[in-house]
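Multiple structures are listed underneath, in structure tokens.
What follows is subunit A paired twice: with subunit B in the first complex and subunit C in the second.
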Partner chain A sequence: MDASAPPPRLRLTGITKRYASVVANSGIDLSVGPGEIHALLGENGAGKSTLVKIIYGVVHPDEGEIAWEGRPVRIADPNAARALGIGMVFQHFSLFESLTVAENIALGLGAREGIGELTARIEEISRRYGLAVEPSRHVHHLSVGERQRVEIVRCLLQAPRLLIMDEPTSVLTPQEAEGLFDVLRRLASEGCSVLYISHKLEEIKALCEAATVLRGGRVVGGCDPRTSSEQQMAELMIGGELPVAHRRAPLKEGRASLIVANLSLPADEPFGTHLRDVSLTLRDGEILGVAGVAGNGQKELLAVLSGERRAPAADAVRIADVAAGLMGPAARRRLGLAFIPEERLGRGAVAEFPLTENALLTSYQHGLVRAGMVRFGAVEAYARQIIARFGVVAAGTQAQGSSLSGGNMQKFIVGREVGTNPRVLLAAHPTWGVDIGAALAIRQALMDLAAAGSGVLVVSEDLAELFEISDYISVLSGGRLSPPRRTHETTVEEVGLLMGGRMAGAARQHEARGVVDAA
Partner chain B sequence: MHELGIAVAIVVATLRAATPLMLAGFGELITERSGVLNLGVEGMMLVGAAFGFIGAVVSGSLLVGFIIAMIAGAALALVFGVLTLSLMANQVATGLALTIFGVGFSALVGVKWVGMPLAGLPGAIWPHLSTAPPLVQQMMLIDPIVVIAILVPFAAHWFIYRTRGGLILRAVGESHDVAHALGYSVLRIRYLAVLCGGAMSGLAGAYMSLSYSPMWAENMVAGRGWIALALVVFSTWKPAWLALGALLFGLVTIAQFQAEGLGVAVSPNLLAMLPYLATVIVLVLISRDATRLKLNAPAALGRPFHATA
Partner chain C sequence: MRLSLLPRERPARSMLWLSPVLAAVLSVIGVTILFAVLGRDPIEALRTLFITPLATMDGLTELGLKATPLLLCAVGIAIGVRADVWNIGAEGQFTLGAIFGTWVALNFGGAGHWWLIPAMLLAGIAGGVVWAGIPALLRTRFNAHEILTTLMLAYVSIQLLGYLVHGPWKDPEGYSFPQTRQFEADATLPVLVAGTRLHIGALFALLSVPLGSLLLGRTLMGFRIRTVGAAPAAARYAGFNRDAIVWFCLLVSGGLAGLAGICEIAGGNGQLTPVISPGYGFAAIIVAFLGRLNPIGILFASLLMALLYLGGEGLQVSMQLPIAVTGTIQGMLLFFLLAADVLVNYRPQLQVARRAGAVHHA
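Up next, the complex of A and B:
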């Protein structure tokens, strides 16, 4: 090695972190050069989050050394990390909803400067990097993309020399993501290193110069994403061959099983979204994908479809030809509705219940209860059947919900809902935070269900997923739902524009086509 | 001149009646803004009243009495803090237990002092009261604690909205996880807020037993701690509304005394209910907008914090 070459910005040697029952990181070596955009790849539970928390001083390693620009350091807490020049943009934004942008940034800086001076500095940085933020606005008014810009500006104000980005594009439209990449490339060209955590391989190929792959808490390999194929990187991540999803046969036009007609509903929360004149039709055997960045009315739409909120009129929501708008969740389930909510524990399942009781929760109307008495044998068999069919990793049918990993719990919930043979299935972000293997199994289950004649409505932020499984795609933006487009007739760019709220012009063109499609 | 005298008397009496609520209410406001719900205000006030009275009599100094009361209130709050913050006990249950404990404990400690006058101490906090002209005598009833109570809302507003400490306090109450991720010590900030609340409650209690009605009697706080709690919630955690609520309570209390004095043919028990009822009704009307309530409420209120990472 050339003696005059600068030391790496950050070098980790033999980092190990154990928790009570698991080893989260085991002997991890990682080196990030100055001005390098370095990808950290891995499935959920591979140890990525623990590792970046160690770098940012939130977690302390049990063993191993951290060297910053050639000098060994101990990072006691996030303040120490920031003092070194490490900035971090969190996956779930670390912003306070009820405070203003400037107040949020002041809290993150830890510097004792007045809001006035700070505002001037925020404006300067945001001009320099083209990151539009308004210091005096309250965070709860901001879109997700704007919130991320606030986080980035907050980091940049500390003139970081290493910026950690944790799954930064999971909540962005494709266009916003492209804008983010420009900023990151510009930062790298100015000498700032970037540690980029993601599982979106196409992004890593487009952006990063080096990659470290983690699996089961260990480094299993490194590669140059510019020359490796996505297939190779994915197989490194999952440690085996990538299973292939089977596309089902093209659909026949089925009967409408879920109809929403001109539904408008005010938000019931201060930071909620009003639904505005939403109409949709879901037919038997069809998968309708609802794309859009979270916070554009997804929660509200799902609540009014599942029955957690009542529609203003019975006719606004029709399930299997019954006006169901005023029915509660149980009544709607009796009509053949099933629902996979976004939060696994707390809404989809009870953390403290064993899997058998969690299976019973929504399936009791399907032969598991006789004369008001629970048939425990049948429940047990049903839970076992779900576990077997979906390869749920659990310590038996009596395992508590909270003991399962997120992906396994989700597989169990999907299995439970699919197992009731619903006429209509609502799935909210079904593969969010789920690893590649489990995500494939879940998508396959949704496609199989549709092939068997059910209607499936999938709300997701993952465009690749929607394009893979949906027959039609609509976009929810600002509480309005765009008319459905046949998946193979639209493009990611077009959907991305709709997600960004450019409905007005585009929507009119679509309307004509939407009608043709429906006819 | 006479009318001016009456007006001054009403204003002074209102301020005096509002003082305990102002002090205890703002203590609780600070506590709740940090995300901790301490339902023990009534208990802390009673303990403050008892210890303040005993301290003043034993030491012969009102100042010592007030300081001991604040320490006693803070000590009780510290117990609450250890239970709910460090041991993560349920805040509602612990707060209720704290009030029950405070009621009993203050009665036990104060049993020898019931009915005893503040012997050996000046009749009021300002000396030479009796020689001043009547109007000045009225004004003199505004003792230093009342002055503090008048300043507290302004100080609290300035602290919460204008200082970095207030910003951190609001941040911790809004989301302890985010505050923790940014490197703030959530527990330390919450302990400080809880102790502040306890000391303020103790002071409020001592004001009751040393100035408002200078004597000790069992359960003499008479529900003011609960009203202070209700004021904080109904004021949607805003200093200005909280101050207004406390003043309203003071005013209706005075109106009640006047009505009793004029011999209104209503049961005195019903009249005694009036300040509580009026305060609650007005504030319920103010805060019936659920959206605003949610928007202003500290989002992490009552949720225990455990640093998972």
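Up next, the complex of A and C:
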């Protein structure tokens, strides 16, 4: 950078942060120019979150310097960060469901102005940036995308000069994401810098003009995403060549192993989603992808399929030709069901149990118990087999669940569920928050299982993943499931429109019929 | 300034067992100070409390006698707590066990039936099971928490006992003392050591240790219990029926407490009186936690607690200290144990006050 150029908006030099057991950031240098959209890339655990928490004043670095517009600063807390002009939109929102948009924003700002005045300012900002937000609506009525817009408006009201976005599109439909990019580009053109955290490479290519890649707490490189290929960036992130998943051979039409017929189910918690007339058929050897933004009935659908919630009628859910709607999880597992749940520790596995007992958790019906006594020798062997087959990094079979990284715990859970040779496997967000290597292994395991003749139902927000592994794709939106499309006959755009709740053509007829049936 | 507790990243595993030892040592220090303040020679008092009861064969068998109900109740309580089921009313199930067993003894005693003792023991177990079944029903049907219901039923049981010994079961030849008739000889538990009071109930208590360990550590039921306690969502996901676990834990711990109750009567006084327990069922809660909810640990903890009871009686007799001293020591033991456990898992940090609202997570 030559001397006449303005100083960078933010410059980090040698930032280091150590925790008791790990070095989260080690000697990190980062520079974000005025009006630059800068990507911070890295796998889970690479140190991205720690770094942005340092910038936002939530965490204090052990070493290193932060310079803001050329001046060295110490950011004591988020208030100090906001006073400098740093705004942040977190991955998880902090909005009060029962308050209106304006009230939430007033709380967040600690504003002294009246709600009326604030409402006018909110409307002005939302008009200027095309962020559709209604100040008087209650937050619990808002979709996830709308909530994110509220958070963004909250930041913009403080006229930030650096906006940090932490994985902002993980909750958005493709169309909503495109809208967000327009807002960010607009902001950048007005001189606001953006630090954009993501591991979705296609987004970074589309949006960012510079990128810093972290791995293991260090900067391992930088690149211009507009000219680098996704392959190159991914290899920088994982520090090696990207393994390739093997697409299985196309299959013949198998027998139906899971049938859901006209299932409607009221939500069991406030702000939950009602399932409305959901029907689906999963056949042996087939992968059905259920796309959709989380919060559209995914949790409810999976609970009623796994048996954690009972269906209203036995016939509403059929597993392997048996009416299973009123059965509990154990009985459904006896019919050949297996389930990889969304939450790993606390549901899919028990944090304080060793891996042996975590292996036993769902496979106790598969010869590991005799006359009420656990056969710990066999359990140990099973755990060892899972660890070996899926390359789970753990300190042996007695390692506690909580000692594993998220990706390794997930590989263990996938291994355990696949290892029971299920006829039907349900997988909820199987690669969410998992590093690229583990994600590949997990997708491969799902495809291998289908190739061996099992039916696999994958619920995921990751469209790229669903398009890669699924034979059919349905979309869950507002508790309704769209009819399946053959994956190679549909497009991301079409699926995206369905995710936004617009059911086209046949789908709308289906919906109308559902209303009649329900009535 | 503000004192806050921050979770430790890695609590030391060794402290799991060291913290009860630490609590015991701190209690001894505390009680020593207490003796000094009360104007007694602390060394002499400590000797009376901890050494004298162990010095004679008689003392040792009395120790076993006192440890028996503590051990039986505590093993049951621990099984429940492992499933996050809190039976703190073992005292009530103990009392009902005594009442049910006594009914058998009063009605069928003296005829020399070979089945009398087994029937009394089974009746005792049934009494505890019935009394623990009520909270189980209330919990699984109406979601009423067992912490409240078991405790309330403990007080109900004491009223019931009072009614029986003052009313229908009062010994007509008892000079109007509130007590039942003495059990006949065939309704008295056989003793283990001739010339002492140590009865076969101690064997049942000892047996509960390996059986409890086996249940928790080796059986599928034990695995279910531990899963429900450690991660309820994982238990639901795995298909473990929580209600069934609640029933199982409450009935097992109730049965063990009921067995302890009838053994205490049939092996001791041989009659019901208005007060049949110096709070064994409540002290057993401390024993369960002191023993780390592990039957083997509970065995040692029950011996320590029994020693406190015995030594406390000694202090009353030889040093004219009030019976409240025993309760004070029990309280100290629990207090120090809980404090040690907190400090094992959290580290205290003194924070200097900052501007109001300084920490704000947007």
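Convention: the second predicted complex is superposed on the first by the 503 of 519 C-alpha atoms of A that agree within 3 Å, B and C clash if a C-alpha of one lies under 4 Å from a C-alpha of the other, contacts with A are read in each partner's own complex, and residues count from 1 in each chain.
Convention: a residue touches a chain if its C-beta (ideal position, glycine included) is under 8 Å from a C-beta of that chain, and two chains touch if they have at least 3 such contacts.
None of the values given here were measured: they were computed from a predicted structure.
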Subunit B versus subunit C as contact partner of A:Ser98, first or second or both or neither: first
Touched partner set for A:Ala349, first subunit B, second subunit C, both or neither: second
First (subunit B), second (subunit C), both or neither touched by A:Thr362: second
Chain touching more of subunit A, residue-wise (subunit B, subunit C): C
Which superposed partner A:Asp77 touches (first subunit B, second subunit C, both, neither): both
Touching partner for A:Ala313 - first (subunit B), second (subunit C), both, neither: neither
First (subunit B), second (subunit C), both or neither touched by A:Ala106: first
Partner chain in contact with A:Ala331 - subunit B first, subunit C second, else both or neither: second
First (subunit B), second (subunit C), both or neither touched by A:Ala388: neither
Subunit C-contacting residues of subunit A that also contact subunit B: 58, 77-79, 90, 94, 108, 110
Complex interface listing, subunit B residues touching subunit A: 164, 167-168, 170-171, 174-175, 178-179, 181-184, 291-292, 294-296, 299, 309
Sites on subunit A touched by subunit B in the complex: 53, 57-59, 77-79, 82, 90, 94-99, 103, 106-108, 110, 112, 269-270
Complex interface listing, subunit C residues touching subunit A: 9-10, 218-221, 223, 226-227, 230-231, 233-234, 236-241, 354, 357-362
Complex contacts: residues of subunit A adjacent to subunit C: 19-21, 58, 76-79, 88, 90, 94, 108, 110, 151, 154, 306-308, 328-333, 339, 341, 343, 345-353, 357, 360-362, 364, 369, 372-374, 376
